[in-house]
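What follows is chain A paired twice: with chain B in the first complex and chain C in the second.
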Partner chain A sequence: MQERVIEKAAQLLESGACARVLGWKTGEFFYDVTPAVFTSAQQVRQEMVFSPFCGANLSKYLIAESRKEGKVGVFLKPCDSFSFVQLQKEHRILRENVYAVGVQCQGMSDIEALKALGLRGITAVQAEEDRLTVSTLYGEKTVALEEALSLRCRSCKSRALHDCDELIGDQGRDLDTDRFGEVARLEAMSPEERFAFWRSQLSKCIRCNACRNVCPACSCEKCVFDDPNSGVQNKAAADPFEEDLFHIIRAFHVAGRCTDCGECTRVCPQHIPLHLLNRKLIKDMNALYGPYQAGSDFDSKPPMLTFTQEDPEASIITEGRGIQ
Partner chain B sequence: MQRIGVFVCWCGSNIAATVDVVQVAQALAKEPGVVFATDYQYMCSQAGQDLIGAAIKEHGLTGVVICSCSPRMHETTFRKTCQKAGLNPYMVEIANIREHCSWIHKDKPTATEKAVILGRAAIAKVHLNAPLTAGTSPVTKRALVIGGGIAGIQTALDIADAGFPVDIVEKKPTIGGKMTQIDKTFPTLDCAACILTPKMVDVSQNEKIDIISYAQVEKVQGFVGNFSVTIRKKARYVDESKCTGCGLCTEKCPQKKVPNEFNLGLDTRRAIYIPFAQAVPKVATIDPDYCSMLKSGKCGVCAKVCAAGAIDYKQQDELITREYGAIVVATGFEPIGMDKFDEFAYAQSPDVVTSLELERLMNAAGPTGGTLLRPSDGTHPHTLVFVQCVGSRCDGGEKGKPYCSKICCMYTAKHAMLIRDKYPDTEVYVFYIDVRTPGKNFDEFYRRAVEEYGVHYIKGMVGKVTPQDGKLKVQASDLLGGRQLHIDADMVVLAAAIEPDKSARPLATMLTASMDTNDFFTEAHPKLRPVESPTAGIFLSGACQGPKDIPETVAQAGAAASKVIGLLSKDALTCNPCTAQPDELKCNGCSSCENVCPYGAISYIDKPFRGPNRTTLIRRVAQVNPAVCQGCGACTVACPSGAMDLQGFSNKQIMAEVDAICR
Partner chain C sequence: MQMNQEFKPTIVAFCCNWCSYAGADLSGTNRLQYPANVKIIRIPCSCRLNPMFILRAFQRGADGVILCGCHPGDCHYTTGNYYARRRMTLLFSLLDYMGIERQRTRVEWVSAAEGAKFAATMNDFVDTITKLGPNRRLEDLRCKSE
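Up next is the complex of A and B:
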C-alpha cells in the first residue's frame, strides 16, 4: 500500500494533474507522522510516507489548499472522507480544485497502542497485511494489527470512501460498530461521579489548543476563543470553570457537524478522551432525532439545523438527566 | 457614557403592594450612568408619560429604563413617549417587574431585591443600545381563512364586504362545518340550515371569495403582510369546473356500503357522493378508500353516467401557492371520542348516542327523515336520559377535558324541549353537575324546558348504563333528593365534550401560533386582543380559540374580520429594525444560518477580502435581507463562529444583562 500511495502522489505531480499533494511525512520520530504539502515528485519520493502511523485526517487542510492556485491532490482514508464531505456541505472546500485519492485502510496504530502491548525500545515498524513487524532494541516482534490498533480505530465506523475521485484498494462498507459503550458507562454514573470523572480529565488540560486546531469542524474564520468581542477570548485554563467551559463550548459548537473522526483525542498531549463529549452529543441526537451521521452524504440536513413537526420537545426539566 | 433615566411604575397596587418602588428607584439611581430615577403610580397614564418626556428633556437622557409590566403590554407605548421627546425609540428598555416579579412573589423584601436586579439588567443593556431605524414592508392585500365553518364563512364574508379578496381553505368537500349537521339552534329554535345555507350561497356567489374545498394547508412561509402559503388540494377525481352537481352518479354508484360521515355513520352513502343537498361547492367527490375503480380498476359506472364528463380517475393532488397579507384560523371543534367512557355503554348499544348524533336523528334531512326513532330497532323511544358533562370538567383531565364545553347545557335543554314538544308521551331526564346558562335569553330558555315542558332536571351523575332486554338500565344518583335512581330508558344521549379539531396542532406549528395545553389557540391578550394570535398577522375565529356557541362565534368572526381589514387597508407595515446582521469578517459561509432561517431572509455572496501579503481572497459570506428578517434570532445561535448578531438583542447586550443579574 505504501508504494502505491507514494507512486500515485508522485504521478499526480509529474503529470501536472496537481500542483500540490497533501500527504504525510515523518516528523521527529518515525511514529510521529505529520501532514505535509508536497510540490514535486522528487520531494514525494524522498519524504512521503504511508505507514500505520498516518492517522492524521488531511481534510481540514483543504480549506486553505483548495483556495490556492492549481489543483491539490489529497489522500483520504474512509474516516477522513466523512470530514471531506461535511466540509463540502458547509461550502468550506472548493471541490473543483481538489483531486481526492481514497486509500482503503485496515486501521491505524499508534505508539501508545504498541507500548501498551509491552513493547519497549521500538525503532521501526513494518506493516504487512494484518500484521505489524516491530523492530526493537531487544529484537524483532510480530503483532496482529488488530491488537495494536489506536483507540479510535477500535470502534471504526466505516470502511467506505464517501467521496473520492479514485480509490486505492477496494471500496468497503459502513460498519455497525458500537461507538457508545464508554458514553453509556459515563451516563450510568451518578452526577457526582460523572463530574468527578470529567474534573479529573479536564483538569489535565493545558489549553494548548491542539484539539481545536486539528478539528475539521473547528474551522471558523475567527474562533470565538480568539475573538475579543466574544467574551470568552483568551480564557486560559486558569481555573476549573475555564477548563471545563472551553471543552463544553467546543463540543456544542461542533454538535451535528462532528463526524466523530477522533482527531481531538488523538492529538491531545494530555490524553484527555475529548471524543467522549462529542459522542455523547451524537448519541443524544440519534436518540432524539433519529440516526444521523455527519458527512455521510451530501443531501441530508443536520438535525440541529432542521425543524420538523415530528421533532421531540425534550425537556431537561421533565426528563431530569436528559436522554439516557 | 449613556445618560440613563429610570422610571419605576407602581401599577396601582399591582407592583407597589409587593415591591417597595421607592427603594427600587433609589437603588437604581446609584447605578453607573443613571442620572435620574423616580417612581410614579401609573407610568403608562398621560401624566406618567408626560413625566418621562419632561425628564428626557430636562436631564438630556440618552437611554430610558422603565420598570413596569411586560413589554408585550406597553413597550410600544413607552417607545412612542420617548420618540415624542426626541429620543430614538429603541433606546428604551423595559424591566418587567410585574409579571416577572410582583405577581409571583409574596415577600416584599425578596420581590424588591429582585426588582432592583431586573432593573440593573435593563440598565446594563441600555448602555449597549444603539439607535435603530425601522424600515417598511408592503402588504399583500389578500386574506386566507383556514376552515369553512360558520366562523370561517362569516369572517370571509366580512372581509370580502370591505373589498379585499379572500380564500377559504376547507378540508371537507363542502363548506358549512358543524353547523350543517345541527337541526335547530338555541335559544330561538330557528333551523340551522335556514340561516346557514343562504350564507354558504353568499360565499359561493361572492366574486371576492375563492373556496378551495377538499384541501389543507401544507406549508406557511413569510410574516405579517407577506405570507406565502402552499395549499394541497386533494384529488376528488371529479373536475369541479365540469360537474353540475346533478347527483346522478351518486345514485348509480354500485358501492352502497360506505358509512356516511355527514350523518355520523348512522346511515350509508355511495363511494361517489355529495355530502348533502345544499353543499357548496355542489360537486361530487369520489372516496378513494371505497371506489372500486380507483382500488382495482373495475367499475367506471359514474364516468359512464356523467353527462358532463366530469369524472377523472387520474386526477392528482394539486399544490397551490398563494400570497396573503393575513391568515385567519377558523378550524373549529370536534366532539371527543366516547371510547374512554365505557360506563355509558356507547360501544355496546346503538341506542346510546352523542348529542350531535341526536341532531342528525331529529333532522328532516337526517337518516330518519326527522322522526326520532331508536337506532337499534326503529321504534319510538318513550324514556330518554340525557347525561351532561361527558368528558367536560373532568378533574385531572386524563379521561376527558378539564374545561367546561360551554354549549352542552343549552343544546341539551333544546333537545329536551323539542322532544317533549313533538312527542308529549315521552319522559325526558337530564342529569347535570350544574346548569350553566349565561347568555341573552338563555336562562329563560332553560326555565321553559323545566317549567313549561316538564323536563326532569336531576342534579347528579349517571353512574352506569347497562343494555338489558332492549332497554337501557340507567343507574344514577339524585344529589338533591339524596337517593339512587334506576331508570329504564329507551335512549341515552351523551353531551360529549368538545375539543379543537385535530388539524389545529400541526397548523399551529406551521403558523408559529401558540396554543394552550388543550390545543386551543392562544389569543394575544385574553381581554384586550381576543381575536389576534400573539403571532402578528394570524387571527382567530370561532371555536379554535375556545368553546363557543353560534352567536359568539359569529361575533368573534366579525371581530377577526375587522382586524384583518384594518391590516389589509394599510399599504405598508413598519418593519422591526431588530434584525440579524452578519459580521462578514467572521462568517464562514457554512449555511447554518440559512438552514435555520424560517423566513428565507439569508442568502450568500462571494466577496473579495484582503488576504495576507496583498493577496485577495474570495469568500462566501452571508447576507440578511432586513425587509424579510423578523429578528427571531435562530441564526445567531446556529452560527458556530458568532458572526451573526441581532440588532437590539446582540450577544453582548444579553451577556451584559446576565452579568448584571449575576453580579
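Up next is the complex of A and C:
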C-alpha cells in the first residue's frame, strides 16, 4: 500500500496534474507521523510515508490549500472522506481545485495501543496486510493489526470512500460495529458517577486546544474561545468550570456536523476520550431526529438546521423520561 | 453570607420578548405572586439563547436556568422556537450525560396571555431548585464573592 501511495503522489506531481500534494511524513519518531505538503516528486520519494500511524485526517488542510493557486492532490482514508464531503457541504472546500485519492484503510494503530499489548522498547513497525511486525530492543514480534488498533478504529463506522476521483484499494462499505456501547455504559451510571467520570477525565485537560485545531468540523475562522472579551481565560487549570465549558461548547458547536472521525481523541495529549461527548450527541440526534450520518451524502439536511412540528420537548430530559 | 441562613436559589429566566416576557408582565399586573429570586433576562426570541448563556449563568451564580418562549407554532419569527427546542433538548441531554443535575435546566412555553402559568411555573421551579440545593457542579469559584 505504501509503495502505491508514494508512487501515485510522485506521479501527480511529475505529470503536473497537481501543484501540491497533501500526505504524511514521519515526525520526530517513526510513530509520530504528521501531515505534510509535498511540492516535488523527489521530496515525496524521500519523505512521504503511509503506515498504520497515518491517523491524521487531511481534509481540514484543504480549506486553506484548495484556495491557493494550482490543484492540490490529497490522500483520504474512509473517515477523512466523510469530513471531505461534510466540508464541501458547508462550502469550505473548493472542490474543483482538489484531486482526491481515496486510500482504503484496515484501521490505524498507535503507539499507545502497542504499548498496551506489553511491547516495550519499540524501534520499528512494519505492516503487511493484517499483521504488524514490531521490532523491539528485545527482539521481533508479530501482532495482528486488529489487536493493535487505536481506540477510535475499534468502533469504525464505515470503510466507504466518498467523493474520490480515484481509489487505491477497493471501495469499502459501512460497518456494523458497536459505536455507542461506551456511551450507553456511561448513560447507565448514576449522575454522581457520570459527574465523577467526566471530572476525572476533563480535569486532565491542559487546554492545549489540539482537539479544536485538529477537528475538521471545528473550522470557524473566528472562534468563541479566541475572543479576549469572552471572559474565558484559555489557560490550563484555570477553574473546573472552564474545562467543562470548553468541552461542552466544543462538542455542542459541532453537533450535527461531526462525522465521528475521532481525531479529537487521537490528538489529545492527556488521553481524554473526547469522542464520547460527540458520540453522545450523535446517538441522541439519531434517536430523536432520525438516523443521520454527517458527510455521507450531499443532500441530507443536518438535524440541527431543520425541525419538525412533532419534535420531542426538552422535558423528556429534564423530567428524566429519557430518550426512547 | 451567613452559613445558617436558609438557602435561597438564584434563578435565571430567559424570556422571549414577544410571549413570555409579556406573560411575566401580565402575572405582575394581575398581582400573582412568584418568588423574587427569579431574575428575568429578555431575549428577542427563544432561539437567541446561545448555550454559552446558560453555562455563563451557572458560572456567575445561578442555581437554575429556565428558558421561556412562545408555544411551538406561535413564534413571532415563525420558526425560532422549533430550533430552540432541538438545541435545548440536545444540550440538556449532554449536561445530564456529564452528570449535571437535569432538574436545574428547564424549557417552558408561556404565551403572553398565560400570566398565571408563568407564576405557577416559576413557583414550581424555585421549589424544585430549593430542594435540590445550590449549584455545585457547574460553579466557578472565582465568581464567588465573600
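Couple of notes before you dig in:
Everything that follows uses one rule, which is that the second predicted complex is superposed on the first by the 303 of 324 C-alpha atoms of A that agree within 3 Å, B and C clash if a C-alpha of one lies under 4 Å from a C-alpha of the other, contacts with A are read in each partner's own complex, and residues count from 1 in each chain.
We adopt the following convention: a contact is a pair of C-beta atoms (placed from the backbone, for glycine too) under 8 Å apart; a residue touches a chain by one contact, two chains touch by 3 or more.
Small disclaimer: the values here were computed from a predicted structure and weren't measured.
Overlaying the two complexes via chain A brings chain B and chain C into a clash.
Looking at the superposition, the partner that touches the larger set of chain A residues, chain B or chain C, turns out to be C. Residue contacts after overlaying the shared chain place A:284 against chain C, while chain B stays out of touching range. By the document's definition of touching, neither partner reaches A:298: not chain B, not chain C. Judged by the touch definition given at the top, the superposed model places A:224 against both chain B and chain C.
By the touch criterion stated above, A:29 is placed in contact with neither chain B nor chain C.
Contacts of A:138 after superposition on the shared chain: neither chain B nor chain C is touched. In the superposition on chain A, contact of A:307 is made with both chain B and chain C.
With both structures placed on the common chain, the touch criterion links A:244 to chain C but leaves chain B unconnected. After superposition on chain A, the chain C segment that clashes with chain B is 21-29; the remaining candidates among 3-11, 21-29 or 129-137 show no clashing C-alpha atoms. Shared interface residues of chain A (contacting chain B in one complex, chain C in the other): 224, 231, 304, 307, 309. Across the complex, chain C is touched by residues 183, 186-187, 191-199, 224, 231, 238-239, 241-242, 244-245, 248-249, 251-252, 255, 277, 280-281, 284-285, 288-289, 303-304, 307-309, 311-318, 320, 323 of chain A.
The part of chain A that touches chain B in the complex is made up of residues 67, 89-92, 219-224, 227, 229-231, 253-254, 257, 301-302, 304-307, 309. On the chain C side of its complex with chain A, the touching residues are 51-52, 55-56, 58-59, 72-73, 79, 82-83, 85-103, 105-107, 137-142.
Within the complex, the chain B residues that touch chain A are 506, 509-510, 585-592, 595-596, 598, 604, 617-620, 638, 640-643, 651-652, 655.
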